[in-house]
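Letters are used for the chains, namely A, B and C, taken in the order the chains are written, and counting of residues starts over at 1 for each.
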Amino acid sequence: MNNNLETKIEAVLFFKGEPINLKKLEVLLKVSREEIAEAIIALKSSLSNRGVALVENGDEITLGTTPELSSLIEDLQKEELNKELSKASLETLSIILYRGGASRAEIDYIRGVNSSFTLRALSVRGLVEKTLDPKDSRRYIYKPSFEMLSYMGVRSVEELPDYFGVNNEIEVATKNLEEETKKVAGEEAN
Amino acid sequence: MNNNLETKIEAVLFFKGEPINLKKLEVLLKVSREEIAEAIIALKSSLSNRGVALVENGDEITLGTTPELSSLIEDLQKEELNKELSKASLETLSIILYRGGASRAEIDYIRGVNSSFTLRALSVRGLVEKTLDPKDSRRYIYKPSFEMLSYMGVRSVEELPDYFGVNNEIEVATKNLEEETKKVAGEEAN
Amino acid sequence: METDTYQIKVSGFEGPFGLLLDLIEKRKLHISDVSLADVTEDYLKYMREIGGLKPAQVSSFLVVASTLLLIKSKSLLPSLPLTSDEEGDIKSLEERLRLYELFTRLGGNIKTTFGKQIIFAPEERRQGIVVFLPDEQITRESMMVFVKDVLGSIPKKTFMPGVEVRKVISIEEMIESLSGRIQTSLKMSFRDLHGQAGTSKEEKVVVIVGFLAMLELVRQGLIDAIQESHNGDIIMEKMAGGPVQETGTNEELTTENNEQ
């Protein structure tokens, strides 16, 4: 039964060829979130030594080629890959990746400069995505995209280098951040 | 080694998503036909109870969703095709119409986000057509399909309301955005 | 002197934190109010040499400069009274700088990893379904509305956050008031210092007088920096145009600026 669900998810992901929301999987396969979560764990382990990998990003999952075979697939790729990141992009991306999403006010606050242009450029490149903040519908949160995780060769943000080491540090350091930036956000157009 | 070859074949098949000739695999992976044949047997058995299956047809192989799940995939397909177009899709379509055909980069600049998935959705429904850019063979131009134009009751895009005004505005905006992005990119690169 | 050996590459920094961190690291210090006071003069020297920066950049450098001035004044004259807002500014500068340092370090991780081992999504499949499936939302009118909405939402130019504009406009005022406060506090400190061993007293006064002179230089340099920037932005108009006006007007201008 559960095994069956795992193969169903795999088939759906393969057919779609793009990220799918877990909520959508629940509805489509008529099962609970718990069952989905369990099946995903099983699928991940089934795919652990294969040519295809499961990538997770927030509430979405997708399939991609395994990062270890990157150079093989890169030769087959027709479109040009842009592997350049400016200093401003690196700073902005590290905040978004390691904080698991950030508002523009927070990014501006940490960087000490206006980041709207950098964010737009990263968004055009598909490396970050702008979504409404679930906690505050008046503001936007920038989140890492699948494209970003793919370029980093990680199956989820937890696989980022130093992720667990710095997570706690960030938690402590950014405790006041939300309070501080809320004051600023109210006065901004964005 | 053989196991390694198996995952390589799986990754290539997954990435291409279409039938591949065995001869081509030999060249690509720099191995003999025997080694390919052996790896294919292994891959077939690895995939025997999965959501994705290996399909052989003469000298060609490909990956497909497992036949047992065909009704699930058909449902998904139907649902995909019949669902309402998203705001992103409508926005993208309107740019393609009023630009009289646009590259993905141009659409991305104007929308400020990456449009690859959206363009895919529009293509699948036959609303737009992808052709190679005659000016640059590495990129594609998306054009409204003939069916799209006749559905809208126009013989050509020029008959769209306020076409020339809007077309000119897009032209100017694209140029400005491209220039400004280049300027920023140059500065950021130090 | 040690400070003279610093080779600061003008315009090598996008924002003030990169510069500050660089100055602190060159002195092999950690982020603290003490190290910030130490690098204040280097920072202000950089500010004076700065040229050709965009108004938005100038503003972020100035905001930090004003906080550094407070830190430096306080370190010279511990008796200088600070408002709670000013103390907050100092604390938050340290905090922001630590955060910035952390994320710059993590940015290094991204730099070394990005694009090295890529996970590829499948290519677009060629044999797409060739059926035509329109949507009743697509009409001549709706398409025109959509395209005009998209064009309307393109940002025209990068603008400055409102808060920073106001801070920039008041920095000239702040320098003036700071000079006054230091002088007052210095007179009081004279009495405080009177009974103590006299050697450091004169030295200290010399340092403080030097600092006051520097404040005046910064004020001049600041005006130069702003005048050198490209025209067309409200900040230069404000700063070059003379005395500062009340905040209400500035906010209005900022909003206009955003919406242009």
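Note that in this section contacts are C-beta pairs under 8 Å (C-beta built on N, C-alpha and C of every residue); 3 or more make two chains touch, one makes a residue touch a chain.
What you see is a predicted model, and the numbers here were worked out from it, not measured in a lab.
Q: Among the chains here, which has the CA centroid at the largest distance from subunit B's centroid?
A: Ranked by distance of C-alpha centres from subunit B, the top chain is C.
Q: Could you let me know which interface, B-C or A-C, is made of more C-beta pairs in contact?
A: Looking at contacts between chains, A-C has the larger number.
Q: Report the most central chain, judged by the distance from each chain's C-alpha mean to the global C-alpha mean.
A: Centre-most chain by C-alpha means: A.
Q: For subunit A versus subunit B, what separation do you get between their C-alpha means, in angstrom?
A: 21
Q: Counting in whole Å, what is the centre-to-centre distance of subunit A and subunit C, each centre being its mean C-alpha position?
A: The computed centroid separation for subunit A versus subunit C comes out at 30 Å.
Q: Which whole number of Å gives the spacing of the CA centres of subunit B and subunit C?
A: 43
Q: Note the residues in subunit B that touch 2 or more other chains, in rising order.
A: Within subunit B, the residues that touch at least two other chains are 14-17, 77, 112, 120, 188, 190.
Q: Send over the residues of subunit C in touch with two or more other chains.
A: 14, 120, 122, 125, 155
Q: Can you list the residues on subunit C that touch subunit A in the complex?
A: Spelled out, the residues of subunit C in touch with subunit A are 14-18, 56-57, 60, 64, 92, 95-96, 98-100, 102-104, 106-111, 113-122, 125, 155, 158-163, 255, 258-259.
Q: Could you please specify the touching residues of subunit B with respect to subunit A in the complex?
A: 3, 6-17, 28-29, 46, 49-52, 63, 65-66, 69, 72-73, 75-77, 79, 108-109, 112-114, 116-117, 120, 138, 180-181, 184-185, 188-190
Q: Along subunit A, where are the residues that touch subunit C in the complex?
A: The touching residues are 17-18, 53, 55, 62-68, 70, 73-74, 77, 81, 83, 85, 87-88, 90-91, 93-95, 97-98, 108-114, 116-117, 120, 146, 149-155, 160-162, 166, 169-170, 173-174, 176-177, 180, 184, 187-189.
Q: Help me check something: in the complex, which residues belonging to subunit C touch subunit B?
A: 12, 14, 120, 122-135, 137-144, 146-151, 153-155
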